[in-house]
Amino acid sequence: MTALLRIDRLVSGYGEARVLGGVSFELDEGRSLSLLGRNGAGKTTLVDTIVGVTTHHSGTISFAGVDLTRTRPERRAAAGIGWVPQERNIFRSLTVEENLTAIARPGPWSVERVYSMFPRLKERRFNRGNQLSGGEQQMLALGRALMLNPRLLLLDEPLEGLAPIIVDELLAALRKIIDGEGMSAIIIEQKARKILPLTDRTVVLERGLVSYAGESAPLLADSEIFDRYLALGDHKAATA
Amino acid sequence: EDTFKVGLILPMTGPFASTGRQVEAGAKAYIAAHGDTVAGKKIELVVRDDAGTADQTRRIAQELIVNDKVNTLAGFGLTPLALSVAPVITQAKVPAVVMAAATSSITQASEYFIRTSGTLPQYSVPVARWAHENNIKKVVTLVTDYGPGIDAETWFTKEFKAKGGEVVEAVRIPLQNPDFAPFLQRVRDAKPDAVFVFLPSGVGSLFMKQFVDRGLAEAGIKLIGTGDITDDDILNGMGKPALGTITAHFYAAAHDSPENAEFVKAFKAANNNMRPNFMAMGGYDGMHAIYAALEATKGDADGAALIKAMKGLAWTSPRGPISIDPQTRDIIQNIYMREVKDVNGELQNVEFATYKDVKDPVKAGQ
Amino acid sequence: MLTILFDGIAYGMLLFILACGLTITLGLMNFINLAHGAFAMAGGYITVVLMNSYGVSFYWCLPIAFLAVALAGLVLERLLYRHLYSKPHLDQVLFSVGLVFMSIAGAYYFMGGQQQMIQLPQELSGRWDFYGVGIGRYRLFIIVVCILLTITLQFLLTKTRFGSQLRAAVDDGRVARGLGINVSAVFALTFAVGSGLAGLGGAMGTEILGLDPNFPLKFMIYFLIVVTVGGTSSITGPFLAALLLGVADVAGKYYVPQIGAFVIYGVMVAVLLLRPHGLFSREGGR
Amino acid sequence: MSDARNEARKRAIEQLRRGNAWRLYEIVLWIAAVVAIFVLPSKMLLLTEIAITALFALSLDLVLGYAGIVSLGHAAFFGLGAYAAGLFAKYAIAEPVTGLFAAAAVSGLAGFGASFLVLRGSDLTRLMTTLGIALMLAELANQMAWVTGGADGLSGVTIGPILGLFEFDLWGRTGYVYSLAALFVLTFVARHLVNSSFGLSLRAIKANPMRAAMVAIPARNRIIVIYTIAAAYAGIAGALLTHTTSFVSPDVLAFHRSADVLLVLVIGGVGYLYGGIIGAVIFTVLRDWLSVSTPQYWMFWIGLILIAIVLVGRERIARWHTFLPASLQAGIKRLATWRPGVKLKESR
Amino acid sequence: MTVALETRNLVKRFGGFTATNDVSLTVESGARHALIGPNGAGKTTLINLLTGVLKPTSGQVIVDGEDITSLSSHRRVRRGIARTFQINQLFSGFTPLESVLLAINERDGFGRSAWRPLAAHLDATDEAVDLLERFGLSGVMGEKTGRIAYGKQRLLEIALAFASRPRVLLLDEPAAGVAEEERSEVLAIVRSLPAEVTVVLIEHDMDLVFSFADRISVLVAGVVMVEGTVGEIAADPRVKAVYLGEDAT
């Protein structure tokens, strides 16, 4: 069985500037991956490159056996990639409902199902994108990505700004989506411990390079390994 | 030193570009017909575009005099354009032949201006006279709200009132005006015998259409005006609505004379079948004035000498007999009353009456 | 009195028909397309040439002008415009003014500088007298066409998914693409429709406004006024604005001709001071 | 620790200094402008026009490039200045420098009044509000014929010698020197203005008004001030036109003038002061050259060039030297980063 | 203790929707006050009302005993109120140095100084450099703000609020998007502000809230549901039900 997503020696950035310096990893269908790393490590850049909205320099991205490296972003979405951008980027002149329907693709996720996951959105369905609270925008961004009925979800800090109770619900929902429906996901999160239990694999980025790629479990289980890749000491060393 | 340069400054682009084209074509038609050497000098025409902006006209004039060493300036599509060069030509002592601009005051702004077009009062007054003679008692005037329009309104009204007529209303239309509806409705509601109209030439055709569409003609209101509204250049495209319009002007392409027949033929041949209008005539006769003056000075290109030679010139132009008033340097010419008629499938301004040797009434009155 | 009202409405509708394409390109696509008038002019010249040289009926000219100009718009969009969506507004101004200049010179070259005229079919010229109110037939025709257009456009833009996709693409093109909206196709199609509408406006406007190479510059201000006063977030806004401006302008010129020239600008400035985002824009809209 | 701090401090000051140091291209530009007096005697009039347009565009840059307020009616202030200078010379004092002050005062006052109208609204709204104001003024100039001479223009304006010493000559040399001097002084002032705290706050208002308010910037206040200053600048430009042509007609207020100056500024690039000057040089020279070579169709070529500028991108045009061979590039770079007080060889 | 910040019956309606419903809140001077509540409860709206970004439908805002309800935003900042935004509001074309310098100069009343070059404000530059250093931004001091990583932008957002040396500091989810290990540092900097500075913090990260605040108000559907000490709030079953969820610390 081939991997759902295969990234090979990917170099990308913004215009001339290169942020990712050759990143490789794979993700199988139905599995999930935590993407970790400090501020500025290039996590967002990686996800955005998979979506196709950064400048690609070299390397390949293949998805479900098809090479997507040169495919336009809208085609990638059609191929089954759903995206929650870091800054949410809700379409501000569309209502909540239009935000969901404008990009919808057929599949199990419908407006009603998103509403049942986030009742708050249903209450605000006629509000326009720029009239939502930060957390509501976050919910909408996630709902919007689900409306694409993707095979792979790319979540860039999806928990940021959500109330704890919603975070819990959301994590549960994500688990259900990944385990129950076989959707794959790449999740970026600042608080590694929140998502490590949820994901099978982990990639840690450091200055545009992969510093750890492997199972998630050992990171959680062994605090020494966790610290080596993700904790403060390392941070101090780097800025000194 | 064997060339004699004429700097022709015209609006070749912008809203008044058609003026520029006609004048230029007229001037070129003259050169084509009369050769390019006069009194041993080769005439060279330097055409420049001022886009209808006065400070450009002024700069170009100055540059032509200082750098290109032109011997005469000519052209000037609009009054402010002509006025802006007045200080320059006075200082540099270079004659300037006004070929299109039509406000009376221009020639007073400098001793070095002469004019071969005409002045609005010159052909507005005859309309008033004709209207009076033809039993029109109540008139509404309708003019574009800028210098020439106001000139036309003033002088028509003055003459018409003097003859005992009544101007019931004076309507002015803004220069930028997409729709005539409210103004025409006003005219209609005033129920005059006739409406006297001056509009810049392109606009005239639209006006005419709406005039008919709105049923003013049916309501018995006669359309009279200066020849600008039945500009020969576009008259033929106006179609039926234009028929029967009475206008006064110094030139009609249909003017019946051998000189004119020849001119029109040559002009059309050289300009892709474009019909000459009064602006082309201004350009044509302007060149004649320059030629004749140079002839008279025997090739002496000195500005003062040229101006002196131009004063009092008299000749038979395609438009009829004309002369340059030695006192005012303005043109004296016949003004014709014309009616738009269908002549062999083409609309023409057909002349039916003549006011002979009309002077600019403004200066005549002073 | 009622005649003036009718004339005002008709004049407003004429403004609207010319401006509604711009409502789409400027209002919805957020592209400052000052060359809108050039597309309108193209529609006008197509009509003039077809009617005067080939004797095509006026009614046929309208759809032909729409389609031909839409096609031209599409080609230009693919070749040039699409590179400019992401550029600053000022670049768009520069570009479209460049296009205006070229179109003016082009029109001079091919069509000459004089006013072009068309002869309307018999049934559209003249007017009816309806209990003392003069109803110009052509003016009535314009009003009817306008109302139909407005309804269709409003439906397309607010009630269809295409409309949402368009607005999403304008709000944030990068993210819209990342979420599967074919932004370039949406823009191309919209731009083509906008241009086509300009062409239609030009074809219908020739009779009343005339047509000469300066058309794009001469009427640019009026298009912009309608769109600005109406607000850029809907089609109905500019529609109502055009009505208001038309009636105000005609009535102003009829009743107080001395200040007739100021009316339309005065109304515009007053409206914009009171409602900076346009008379009929939703609060907080773009 | 304090070493690192000192280092950071030095970098900071260096960074800020770089912002307002005289650049080589500026110096070259001014020298070239002065040299032109002697080597291009036949082009004085064109150069005068360039200087006036440049000043006018500079004025627009102050509001557009720095405060982010677009305007399609900037000719209102230019025209007011032109008329003010004309009337002032005709009825009061014929000496032009006094006239400049008079024009600046009139336009500045008008700008102060108008600034309240552009405080709110989007780009489009401001564009149209300013346009509306200018068009109404133009119409007013047309209708108030008893003051302005109406559509025929204000003639009979005679301008005295500058400071009672220098007569305007037919070749336009005095006019050029006069305009250039005004341009230089005002650019110098503007340079200080935009490189100060005040200038930074303007750019902040343009970049993000909400945050600007949250760092205590009184946006209304600042906009009113800069708008008034810019209007005075435009008025001076208009006055220079009156002084060098001794004639005023309503097209000083016309729409095309507002549009042209916007084009000029955008061609040259907004927000760095010299955009107006460079744009004026490019636009005026091109237009003159094209309209001499093809009086009827020059608009076509200008249009083509505008489109090309946009499509190629001003940044890329500005980086033309990157297409040169590497050795030349290095040389140019060194020259371009040169500042007074730094020896050529040292700068890297 | 004196009251630094007070709202009286503050109401904000958007059309038919009431985002802030009769909120009367008092925050004592020098307090470390947290404001929590579900998404869409109206926390940001309240901050917007306090800072003049929004105008209240009714009610008053009082700072240091003075009614500032009708003052514009920049005047409020002058009176010592500063804030951060939940969604970054930065000058993306400025460098962090310029941004901070701007805030400092405005605070010191040099905003109108139109002749003196920026580099000549030496004290301000020093202060700016120190501030950037404290937030770990001196490395990117000279880069365009739009190009630095999101997390650093968040830090700049806070630094800007600091630059105006507020007496009342309103922080709207300052830690969102900041790396986990830096969060506590940021809050440590906030905590190290002089004791008389009043801080109101909105945050969904309960670890931070509980370690930082001495009092907490819980806002639900535009209404203050409860207010109390950390212990009281953490134990309150209603707060658990609507906000904290079960497994909260």
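Letters A, B, C, D and E name the chains as they come in the text, with residue numbers starting at 1 for each one.
We take it that a residue touches a chain if its C-beta (ideal position, glycine included) is under 8 Å from a C-beta of that chain, and two chains touch if they have at least 3 such contacts.
Treat the numbers as computed from the prediction; the structure is a model and nothing was measured.
Placing every chain at the mean of its C-alpha atoms, the farthest one from subunit C is found to be E. Most remote chain with respect to subunit D, judged by CA-atom centres, is A.
When the interfaces D-E and B-D are ranked by C-beta pairs in contact, the top one is D-E. Per-chain Cα centroids separate subunit A from subunit D by 49 Å. Remark: subunit B and subunit C have CA centroids separated by 36 Å (rounded to whole angstrom).
Taking the mean of the C-alpha atoms as each chain's centre, subunit C and subunit D sit 33 Å apart. Rounded to whole angstrom, the centroid-to-centroid distance between subunit A and subunit B, based on C-alpha atoms, equals 75 Å.
In subunit B, 13-14, 17, 21, 145, 174-175 are the positions where the chain touches two or more neighbouring chains simultaneously.
Residues of subunit D in contact with at least two other chains: 139, 143, 256, 296, 298-299. All chain pairs that touch, listed by label, are A-C, A-E, B-C, B-D, C-D, D-E. The residues of subunit A lying in touch with subunit C in their complex are 48, 51-53, 72-74, 76-78, 82-83, 85, 89, 91-94, 98-99, 101-103, 105, 128-131, 144-145, 148. Subunit D contributes residues 42, 45-46, 48-49, 139, 142-143, 145, 150-153, 155, 170-172, 241, 245-247, 249-252, 254, 256, 291-292, 295-296, 298-299 to its touches with subunit B in the complex.
Partner subunit B is touched in their complex by these residues of subunit C: 3-4, 7, 10-11, 14-15, 104-105, 108, 112-117, 119, 125-127, 134, 136, 138, 207-210, 212-214, 218-219, 221-222, 249-254, 257-258, 260-261. Interface of subunit E with subunit D (complex): residues 51-53, 72-75, 77-78, 82-83, 85, 89-95, 97-98, 101-103, 105-107, 110-119, 121-122, 125-126, 128-130, 132-133, 138, 141-142, 160-161, 163-164.
Residues of subunit B that touch subunit C in their complex: 13-15, 17-18, 21, 145, 171-179, 181-183, 185-186, 202-203, 205-206, 209-210, 213-215, 233-234, 237-240, 272, 274.
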